[in-house]
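Residue numbering begins at 1 within each chain, and the chains themselves are lettered A, B, C, D, E, F and G in the order written.
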Amino acid sequence: MFQYWNGYLFVALFIILGILLPVASLWVIGPLLRPNHPTQGKRTTYESGLEPFGDARVRYNARYYLFALLFVVFDVETLFLYPWAVSYKRLGMFALVEMLIFLFLLVIGLVYAWRKKVLEWT
Amino acid sequence: MSLIDEKDQVRTEEMLLNVGPQHPSTHGVFRLVVKISGETIIDAEPVIGYLHRGTEKLAEDLQYTQIIPYTDRLDYLAAMLNNYALCHTVEEALGLEIPERAEYLRVIAMELNRIASHLLFIGTYLLDLGAMSPFLYVFAERERIIQLFNELCGARLTYNYMRIGGVKWDAPPGWLDKVRAFVPHMREQLKMYDDLITGNEIFLNRVRGIGVYDTETALAYGMSGINLRSTGFDWDLRRKKPYSIYDRFDFEIPVGKNGDCFDRYYLHLLEMRESLKIVEQALDQIPESGPVLGKVPKLIRVPAGEYYSGIEGARGELGFYIVSDGKDKPYRMKIRKPSFLNLQLLPKLLRGQNMANLIAILGAVDIVLGEVDA
Amino acid sequence: MFGFLKGLGVTLRQLPKKKVTLQYPDVRPEWPERFRGVHRFIPELCIVCNQCARICPTSCISLSGTRDANKKMRIDTYDINFDICILCDLCTEVCPTEAVLMSDTFELATYSRDNLYLDMHWLYNNELAYEQRHPDRVPQTAGEAKEGEA
Amino acid sequence: MFPIPTGSLLALGAILFCIGLYGALTKRNLIIVLVSIELMLNAANINLVTFSRLGVGPNISGQVFALFTITVAAAEIAVGLALLLAIFRVRKTTEVQDLNVHKH
Amino acid sequence: MWHWEANPLNGPAVLGMVIGGVVILILTLLVVMYSIYWQRKLIGWIQWRIGPNRVGPFGLLQTAADVIKLLIKEDVVPEKADRAMFLLAPIIAFVPAFTVLAAIPFSAHHVFTANISIGALFYVALSAITIHGVMLGAWASNNKYSLIGGMRSAAQLISYEIPLGLSIVGVVLMAGSINLNDIVEAQAKSGLWYVIPQILGFIVFMIASTAELSRTPFDLPEAESELVAGYHTEYSGFRFAFFMLTEYVYLFAMAGLFATLYLGGWSGPLLPGWLWFAIKAFLYISFQFWLQATMPRMRVDQLMSFSWKVLLPLALVNIVITAVVKAFV
Amino acid sequence: MVEYAWLVPLLPLVAYVFLLVLGRRAPEGIVAGVSVVLTFAAFLISALVFRSVGQSPDQTGPYVFHWLTVGTHSFTVGFEVTHLNALMLVVVSLVSTLVLLFSKGYMHGDERFPVFYQYLNLFVFSMLALVISPNLLQLYIFWEMVGLCSYLLVGFWYFKPEAALAAKKSFIVTRIGDVGLFTGIILLFLASGSFDYSTVFTAAAAHKLSLGWISNDHLVTLAAILIFVGAVGKSAQFPLHVWLPDAMEGPTPVSALIHAATMVAAGVYLVARCYPLFQLSPAALSTVAWIGGITALLAALIALTQRDIKRVIAYSTISQLGYMMMALGVGAYAYGVFHLMTHAFFKALLFLAAGSVIHALDTQDLFEMGGLYKKMKLTAWTFLAGALALAGIVPFAGFWSKDDILAAALESGHTVLYVFGLIAAFCTAFYIFRVYFLTFTGQPRDPARHEHAHEGSWVMTLPLVVLAVLATIGGFFNTPFNGYGLERYLFADSPQGAIGATTPENVGLMVLSVLVGLAGIGLAALMYWRPAIQPEKLARSLGFLYQLSFRKFYLDEIYYAIVVATGKAIAAIVDFVDRYIIDGIVRLVARIVATIGLGLKYTQTGQIQAYTAVAAFGVLILVAWAMWSIGGVL
Amino acid sequence: MTFFLNAPMIGFYIIALFILGCAVMLLSFQRVIYMALAIGGVFIGCAAIYILLGADFVGVAQLLIYAGAITILIMFAIMLTNHEAADPPHKWTVRNILSAVAAVLLGAVLLLVIRSTTWPPEVEADVNGGNSNPVAVGLALFQNYTVPFELVSLLLIVGMVGAVILARERKEDEEE
């Protein structure tokens, strides 16, 4: 009798354990063992030895966003590859052609990004 | 070049970054204030003086023999070369004649010390670029040389071995055989370094074509040593203005092709091989016995006048300029510190580079703060 | 593509190599004979000629002596301020009677600065320890050592 | 017997939709407006998957459609945020109130 | 083959699951501790030195001592930092790292694994969530260096997740199922470990996994020499430990995945299943440390474009080749 | 010779074109010379045509050419010579020649001299063409041309405001008449399908002229009356006569030619030409008769008290035209035409004589003249001849024609009209001789002017003499002595049943009318020659009657009151409607739209979330409605 | 015994509460980053719901794309714009009230409808048609949904190109 949910119950259990460990150690055991008297010196942010200056906002430039954007697009591509890969035996040649078209289009996207120097990090 | 060019005056907010004295990748207490916009460095301004001990002022109140220990602490990685530089200047001033055995001992000591200094450069440079293991290997070899020096003069770093007119002690018995044994071992180690890192593509990407400058710029900034030779200009005082007995040995001067960080790194390796050759020849030619210290008056007095002589230090032309008024203490002593001069090109080199290259360029210039701040 | 493989090969070959670590606190390093550690002082030999004090670049040696009965100078106090001594070994070189020499003790770390002003007594004890450690090294001075008990 | 009642699932979807709607209408920051819209899309997805399992003729097409909605949402948020960045580069603000005039 | 799914869900089954979970937790902590110890030992040996040997016999308790030190050490929350997020970030980073282990088949009878139908994809999906923890940690500490380091490490992680996902597709294509157990059975049945047919995929996987773990050539984010200590500059004490813990749990998880995908998991002659798994995992982990000892660090722009310009095309080529070959074979 | 009839109108046209080409600065001699010669040639040809028509009594058909086709109807143009218009040709060309000659003297020194002659030639051409036109359309075209020339000539001295006003007045009033004529022509055209006289008359006679609900008889009557209205307008009959006295502002030769002989006669010619149509409807004929009678009496009464010499003659023309109309109206077709001919000669004579007097004294006010007999003997004598003819004294032309008309009126049973005619005759005699005595006899009232008065040159005196001769012998064309030659000539092709030739002479009537004439002359002599009765005293005693006559029965004021007032009233109403209603509506619409726009403005806040909120409400409503209607849930 | 049978029921309620909690937090938080986290929570909750409903693949897809890629995209966007932005505390302006009313009413209507319709009796059909969920999805996707599948790639390409053009730095190649 295939109990579908057992596997996921196990995963849920793991999540709970995953949360319990840090919470327990940081907030339960930790305070018992750790001294805690923060002084001004300790609390300033590290600035390789000197007084911190300049605001902490990352300087605006788009390449961080562009990489995230490419990540989203190709993540979706990967997603669609999985069902294809899984059911490849049953699908036969037509699915291969289909997927080749799919991949070809996305490669065009990659080439576009490459030519537009989006992939350079400078 | 105005820091903020008029076109995008508003948009780019520069950020002042402090590659400060505490920063792990600077060799010693050297602070670099870097103004970056995004990843590219717009301007860099070195701040030195954290290690200034006023050696030149102290020397005015010390007899010449008393100055020698201070010279150990200039370029603390190659103390022998510093000692010799001072002694050489005073000997030339007095016109003393150095016994043969002392000369050979001096040459052997200097070349060994040069190898030790280059080894340390390679170790720290590769560590900056991320490779951990070479650093350890290099220190093991350097330890051997330091052991040798320990036996020779009793100290690991601050040798104070040379005296005006010769050396303090003769080599302890069996010392020379140990050195002779050390040379082949060292060659084999050099080959190992080559295999380990010089071929590594990631390393090559990091250093090749970075921090490039040509001979005219190097000469204009008064650079010397490997930084100058890396641009293809073969200027080595040992060959160009031979002093002491360097003319008796035959060794080439390795020269770089396009003055980038890789050339500077690779020249160190090649130069070590040359130094090994010198030591080998010195070991063959050293007279078995003989005085190690020439006839030197009890109290050395340099006749009034100004004297300067430079030798090929580990990082460039190291020279002492002494003005004497006839007394036993120099009236004024000025040291030509090669690291200080090599440092001047740094801001120009760094402009336009990005942060990752900063480390590569800074390491390659190979400056020792003891020598820079004197 | 294969440069880094060669590198990996090199590191692999290092695995079996003999390790160079010295278990310092347990295994003491043996220093060469000429090692310039902390001074050791033999009061008997000292003729209070002040040569060492004069030659010392950082003038960290201060000594005083009195003429004893048979007009020979006897050393009373002999202090070296290790706070500023740079162990340049100029003093031993110039000492006519080799009263002050270098030993191979180098652990000078202390908790307070005044422990660094070592007086004659400490130096002499250091001398004794040195002789004990290196009996062979003290052939020519064996004689005075024995009768120079102060 | 599927333990979870369809009604409560759809109710969840509906409530999420309304929360997303309210968020889209009142939030001041443009990013959060976009995010609320994503939330509404998600609510729709829940319905899709519910009907694929508990609908009249349960078949896989509900889930396939959920997949397509996910990709559309991805493309949409990508372009939306790109637009937002372009606006921010010019106007230096992502407040919805400030973006009520074409001229800048 | 014993599955959790096989028997009905009842009291003892749940208890069994809980015990299994706790066992895995402890096992993970041990593995993490000893992989840290092994890392310092191995690299030491490579560098002619002997590595930790003072604490406990042969230095075995060294990592334990470190952990205890971190426990005792006072961890400071910087004044300007956003307190709530500062505390939450390590948890968000750690949770996915640990849950990923649920899907990895340690041994034949799956007492300790969830036989879920989407194992490999589950791993890829969850590893994306750690990136949130990293970014939040970076943002919360309100320090210029950590923010740049955080953004840069996030960019690196997302860049290298795509080739990782694509290389796994190759294996899934060969095995015909995403379920990790099925993959292992497929390799056991065909007797051919996928490392040989999927050699191209294997190379991409290795490089991408090294980058995912931010190790050695790709250990840019906490590149000491450049931006001091990357995104966890401001963290100290046990909260910092959790970021390290996350990193090494991921190392263990990646080793597990590697073993399952390419070296046939627990399948192997003679030795029991879990021992095979342990050996293969140990192989992967040692390779990582060996790599760390030798390789210098890549520059950030080379690193970023390397993934999109070299790994991604390679992975796609690998998929196409596998598909074409599989169509005819 | 008849086929050359088209040359007659052509010659003045040639003259006109020639003068046009010559331009404004042509020398007076050539201009006048060319005009007179060509018109005289036209007179000769028309005389020849008259002779050939007279000899061959058969009717020569109209020479017509195809002009244009509009839809199914094709219109023809050409010319037709009948006994009536042959006569008219002669009369018109003769008088024109004389007037052209006279004008050379009268208009001497005027800078627009050539322009004057161009207009005159154009007028003569259009009058001659009108006369010989074969169908009503062509007649109407030239009818308008004639009106235009009258306007141009009356308003020749356009820098005088009165002249411009008078020209405008003459044109408008005649236009009113033309409208009537035009409607009549159109009605006939619609009914008969063609404009030709012959087809129209035969259709009318055959009672086929029915148009929709209008029966043949009614249509004929209506058409006839309408045509008569055109004639009333052009010939200045009772309601529309006001323009003629004012038209005296034009130069005297103009008055002589147009307002005496030709244009005003056109109306009578029209009625004569369409006589068969009139005969079919007794009502039309009686209207003509009565209008003629009233006009004759009224004009004569007004002429009694006028101070201006030209106005007196103008009123006398109106009264004589009244006589002609009365003649036609009572059925005396031949007598009407005969009176038209004789009147043309003696009225032209009177006008030209007055012209030479004005030319000499440079004033038109009777009471500034006097005693000119001594200075201008020839003019005096010719004026006397004209006056006698006008008064209807035996040997002169006027007697024969007027007397026949009165006889015809009596004989046809219109006794009232006969009485009117007699009174008019008495007044005519009185006022013409009043003028004569005021101008030529007695003491000069204005010695300054009297001094330089002198007789005109030969160009002015010759026409006077010729006309004087015609005025005296003109009457004998249709007298028992030559066997009523004119009637016979006319009845050759004119309609049957018209009173005339066959009626016996009634001597008693003749004697009565001469006596009446002499009585008029005597009264005038008593008042002005040997002043027995003081005119002023008589005027005061008559009181209101005098004023009535002097004020021209206040007709102008009445017209002004009627037409202008109603115009203004209507204008006011229209203005009100336009300003307040139409504009109002437009402004109202504009204001409504503006307010709506203002209202909507507030909805465009620019806040995108506001818009989406509205959208959300929309969705809500849709969903609710959908649920309610489909699921029946709510 | 029965307790475990309806374990999914309890699981569903916990997850539903978690999702609604996150959604409400999304509305109530002031700092933008917290909102991003809240939305991440919602996405993960929805993934759990899908898994509960037996749609494994869609659940993981949601986890991978929504919780993974999109939340990161949002965070990057927040970091790149003024991430210190904090909305002022919620005040009931006219517009807020109106939109609140609209949302609540819409919710009410929908819930009423859901409550009152009688949903079809749950039939025991196996949605995946015999094989595991990803395989079923794969088969459906590549056999009878081929055209939408190709359109997805087109959509992605267009989205990407558009977004790249919009977000790209203007500085180096062409002026704005």
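Assume a contact is a pair of C-beta atoms (placed from the backbone, for glycine too) under 8 Å apart; a residue touches a chain by one contact, two chains touch by 3 or more.
Since the structure is predicted, the reported quantities are computational estimates derived from the model, not experimental observations.
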item: Between F-G and B-E, the pair joined by more C-beta contacts; value: B-E
item: Distance-to-centre winner among chains (Cα means, whole assembly as reference); value: D
item: Centroid comparison with chain D (C-alpha atoms), farthest chain; value: F
item: Whole-Å gap separating chain A and chain E, where each centre is the average of the chain's CA atoms; value: 13
item: Chain D and chain F, separation of their C-alpha mean positions in angstrom; value: 96
item: Chain centre separation in whole Å, for chain G relative to chain E (CA means); value: 27
item: For chain D, residues contacting two or more additional chains; value: 21, 25-26, 67, 70-71, 74-75, 77-78, 81-82, 85, 88-89
item: Numbers and ranges of chain F residues touching at least 2 other chains; value: 607, 609, 613, 616
item: Per-residue overlap in chain G, given as positions that touch at least 2 other chains; value: 5, 7-8, 52, 54, 57, 61, 64-65, 68-70, 72-73, 76-77, 79-83, 95, 99, 102-103, 106, 110, 132-135, 137, 139, 141, 152, 156, 159-160, 163-164, 167
item: In the complex with chain C, residue positions of chain E that touch it; value: 44-50, 290-291, 293-295
item: Chain A-facing residues of chain E, complex; value: 3-9, 13-14, 17-18, 20-22, 24-25, 71-81, 87, 90-91, 94-99, 101-103, 113-116, 118, 121-122, 124, 128, 141-145, 147-148, 151, 155, 158-159, 161-162, 165-166, 169, 172-173, 176-178, 228-229, 233-234, 237-239, 242, 300-301, 303-305, 308-309, 312-313, 316, 319-320, 323-324, 326-327
item: Parts of chain C lying in touch with chain B, wherever the complex brings them together; value: 1-4, 6-7, 9-11, 14, 20, 31-36, 55-57, 86-90, 93, 102
item: Contacting residues of chain F [partner chain G, same complex]; value: 607, 609-610, 613, 616-617, 619-620, 623-624, 627, 631, 633-634
item: Interfacial residue positions of chain G with respect to chain E in the complex; value: 1, 4-5, 7, 31, 33-34, 37, 40, 44, 56-57, 60, 63-64, 67-69, 71-72, 75-76, 79, 83, 132-135
